[in-house]
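Have a look at the structure below before the remarks.
Chain IDs A, B, C, D and E follow the sequence of writing; residue 1 opens each chain.
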Amino acid sequence: MTERKRFPWWPWALFAWMAVVIWAAFFYAPAAKGFKGESARIVFFHVPQAWVAVLAFCVNLVASLRYLRRRDLVDDARAAAAARLGLVFSILATVTGSLFAKVMWGSFWNWDPREVSIAILLLVYAAYFALREAIPDDERRASLSSSYAVLAFVTMPFLVFVVPRIYWSLHPDTLINSRGSIDMESRMFQVLMGALAGFTGLFFWLYTLDVRLAKVGLRRRQREES
Amino acid sequence: MRASSLLSESLAVLGKELTSELRSRVALNAVGLFALTTLIAVAYQIGPYKIEEADRPHLLSALLWIILFFGATSGLARVFVKEEDARTAKTLRLAARPLAVFFGKLGFNLILLLGLESLVVPLYCALMSYTVEGVAGLVLVMACGAVAMAASSTMVAAIIARASGSGTLFAILTVPLALPLLVVLIQGTKAAATSAALAAVIPALRAIVSLAGVTLVAAVYLFPVVWHD
Amino acid sequence: MICFAAVTRVRVSFEKVGKRFDTRTVLAQLSGAVEPGRVLVVAGPNGSGKSTLLNILAGVIRPSRGEVRYRQNEEDIPRARWFAHLGVAAPDMAVYDELTAVENLMFFARLRGLEARPDSIGALLEELGLGAREHGRHVGTYSSGMKQRVKLAQAVIHEPAVLLLDEPSSNLDTAGHDAVARLVDRFRSRAAVAVATNDPREMAWSDARIELAL
Amino acid sequence: MRASSLLSESLAVLGKELTSELRSRVALNAVGLFALTTLIAVAYQIGPYKIEEADRPHLLSALLWIILFFGATSGLARVFVKEEDARTAKTLRLAARPLAVFFGKLGFNLILLLGLESLVVPLYCALMSYTVEGVAGLVLVMACGAVAMAASSTMVAAIIARASGSGTLFAILTVPLALPLLVVLIQGTKAAATSAALAAVIPALRAIVSLAGVTLVAAVYLFPVVWHD
Amino acid sequence: MICFAAVTRVRVSFEKVGKRFDTRTVLAQLSGAVEPGRVLVVAGPNGSGKSTLLNILAGVIRPSRGEVRYRQNEEDIPRARWFAHLGVAAPDMAVYDELTAVENLMFFARLRGLEARPDSIGALLEELGLGAREHGRHVGTYSSGMKQRVKLAQAVIHEPAVLLLDEPSSNLDTAGHDAVARLVDRFRSRAAVAVATNDPREMAWSDARIELAL
């Protein structure tokens, strides 16, 4: 098992990478046209955070389905860890988004469909944890929260893709627009891709940490049992 | 033979549900009366205000669905919580197939919702002077909406009932799940209110039906897990 | 009541079953079997895990370790089909208060796919000592002993191949106790029966016995 | 000596209520989350619409109270229904003086309501950009309103719990009782929102306090009858 | 636990008490008394009205006819004050699942105006056979017999002058049954005790007896 290795190298590489990305976001990338002042630089944080949140909820879904199939409590710990990180990154995306919105649209909160979708998403996963809190028994907690996660995920596409399109929105379109091309200055694009990779790495680092911690707890309990 | 006996068992559950609710009497029309009082409070406090003509269709359909939704949640959760409270859940769990229980309870909730809608919607239109152009479209939206809402709330009620029994948790879990549904339902109702053509509600209807379908499929897969834990 | 389960013989075996609640081990490494044609009595002081064992055998609780198997003609029955062969009565189960005794049993019979008629249900209730003049009353108005009788009837209405009874004669008077003894005797020959009990009189029913300790 | 022991017994009931709710954890913050989701649903659907400037203070305070009211009803009924469901009601009835039970449960509901208000009101003001001139006045209205609402809903919860047990019935009975209260509360909130002077809320406050007083006196007189049936 | 009720002697008498539910007469013209210093056993088959009688004596149900009186030193106690002198345990009563056994009893003690300390409560629970290592667990996780013990402790924590026990040893093992017998013996000398029972072993406790018929 990897627990033996005290100092895996890649978290350090990750830190270095993130430092470079942060530097690049402020000094390498140019200020974007069509945005007020230097405000566009927040995109390098806002977009990766939103992306990681979506990724985390996908990981949560996969782990939940796996739990339902194999009934291994480690999968439940994986699902919980992913949901926890998803919650944190959605909050970060909301905070950076609303800072952005204050600059661009003049108010922190505008009831833009994008904002509402993410608020609902936050509630869904807050409810997920409220449910987990409510169930004392390990196995029952795992199977019920997995079921809720699957049910919640089923409505996610409607939140993220359908609802923002039904309503007129202030929020920019997706990166890959309807013409199938990418409209972005190339240095900006490089930094954004770098940030995406960095935040994804950050997510997986935190995720493995959390899962390992949960595994240790599970194993300690198993030892106590025998 | 499997399918036909599933039907008969589901009907047995539905029948049990109906007799036992009709006998305690309160629960059934409680939902209706709750919605009614809410209706009056809303109509009394908000009704008299002249909402801009352009905002009317949307605002009024939003209010209507908020009332229906709260009326429904206060009743729908009962269907499983009741079993846990009365300690009949274990008896039922040991005697019935999960899917028979799910479809029976779903049927009951559906009947409750349809009854609620046919009580509230005409009254609301009258009290708030809400004119609906496409009545056929509205009926379709209401019917499909009831199916989708019943499916998701039956499922959530089952989860709740097993979670150390708190009726209030129901709301927390359903409301965010139901919001996307609410949004498309409001769209559909608005479309029905403003246009007599049936075609106007088709986009919303498509979204409602697919949400209902997805929820039902997920529920059929998940309910046995939740029910047998 | 003719029922597919009447001719089947199901053996319930459990191997190295253990159950922990939080940090407390209730059952540890328990093995044994409920054999068709025999009555297994589960005895032991309060809190020793009798009900927990029965719940595990019924599939209501998952064991923390070990395994329960239902075997019929040398073939394992999948967990999802256990319930069809199973009749259970326990203190933490209830029947529906708003229905009458007969309605309750009609409901449970229909759930099991039986064509139960009110008169055969009436006969079963009489066998358990619940007179005909009570049959039409809501169970909610019954006394503790009368409720227990309906609960027992619910457990046997489909002539299950496996019968699990947890404290079957609690709240019953002497006549009720005798009726349960007769019921257990009737099922002894054709079903696998397990009885968890605190009552010394019920120990006498045993063909086999598990004694749990605290 | 009678009075002081009544106090200590009421505190015992309140303490029991608090531990048991804190332990099941869900129920307490459930009400909060429920109100939160409601808040979002309402703000999302109604918030963006520009309500005429003249109508704003009234409409917004009406909406605020409707949200608070929904949030509260979903939680307040539990306080007695829970006892009947868990079959602890007879035990409590045989061990405690009716008034100790009443004041203990009233205290619990009051804490719940005050918590709900301090969560929802600031958020509502922020989300709906509802500017309040007289903050002190608002706080007074909210506090007195909580007392009045807790008194009436505790009483109704007790009636409900005994009436063949349905939590939903609670809503039916509270709403008509609460309507006059809601009206004066909305008045008071509106007054606090539009005027910084404390004097502006005095008339509404007087009405609220007297309504609360009347309800409390009636409850103290009626509760023992309802409780011991 | 020192308590005002310990030195009072209350006599509960009932005269021509009758109870009808709808069209069914459950009790008719029943007279008698629960005397301090004696144990009254109420026997009879299931559904004969034992619990109904105890509920009437406790003031939980109003009799359709006849009258119940609590007398202390030749003075009638008003109905609203009965509860202070009364300890009751019955199958349709429960204690709080979310509280531990000790918290439950602390709560009931405070309601009765007692200054109960956890150790005296612990002693009472031990007397009833619930070991110290269980005291800190939520009652919701208890087995049927452990719950019954907590319920009994709740009934006697304030040393009531009138003790009404309905099926006190249901769900209990032999040790529990003996503990209840000892408890009844302890109260025999200082309280008026009534026990409704279906268990032949409990009939032996009686100083006086009412036999109800169906």
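In this text, a contact is a pair of C-beta atoms (placed from the backbone, for glycine too) under 8 Å apart; a residue touches a chain by one contact, two chains touch by 3 or more.
Since we're looking at a predicted model, the values are computed, not measured.
Steps from chain B to chain C, minimised over paths through touching chains, total 1. The chains touching chain A as well as chain C are B. Chain centre most remote from that of chain B: E (centre = mean of CA atoms). Centroid distances from chain D, each centroid being the mean of CA atoms, peak for C.
Across the two interfaces under comparison, A-B and A-D, the one joined by more C-beta contacts turns out to be A-B. The distance from the centre of chain A to the centre of chain B, each centre being the mean of the chain's C-alpha atoms, comes to 32 Å.
Our note on geometry: chain A versus chain E, Cα centroid distance of 59 Å, whole angstroms. Centres computed as Cα averages put chain A at a distance of 38 Å from chain D.
Across the assembly, chain A contributes residues 120, 123, 127, 130, 134, 139 that each touch 2 or more other chains. Taken residue by residue, chain D touches two or more other chains at 24, 26, 30, 33, 37, 40, 44, 86, whereas all remaining positions touch fewer.
With touch defined as above, residues shared between interfaces to two or more other chains in chain C number as follows: 21, 62, 92. Taken in their complex, chain D has these residues touching chain B: 24, 26-27, 30-31, 33-34, 37-38, 40-42, 44-46, 49-52, 55, 58-59, 62-63, 66, 69-70, 73-75, 78, 85-86, 163-169, 171-172, 175-176, 179, 182-183, 186.
Of all residues in chain D, those touching chain E in their complex are 5, 8-9, 12-13, 15-16, 19-20, 23-24, 86-88, 90-91, 93-97, 100, 224, 228.
On the side of chain B, the complex with chain A involves touching residues 152, 155-156, 159, 162-164, 166, 169, 172-173, 175-177, 179-181, 183-184, 187, 207, 211, 214-215, 218-219, 221-222, 225-226, 229. Chain A contributes residues 68, 120, 123-124, 127, 130-131, 134-136, 139-140, 143-144, 146-148, 150-152, 154-155, 158-159, 162-163, 166 to its touches with chain B in the complex. The touching residues of chain E, when paired with chain D in their complex, are 58-60, 80, 83, 86, 88, 90, 92-99, 103, 107-108, 110-113, 138, 151, 154.
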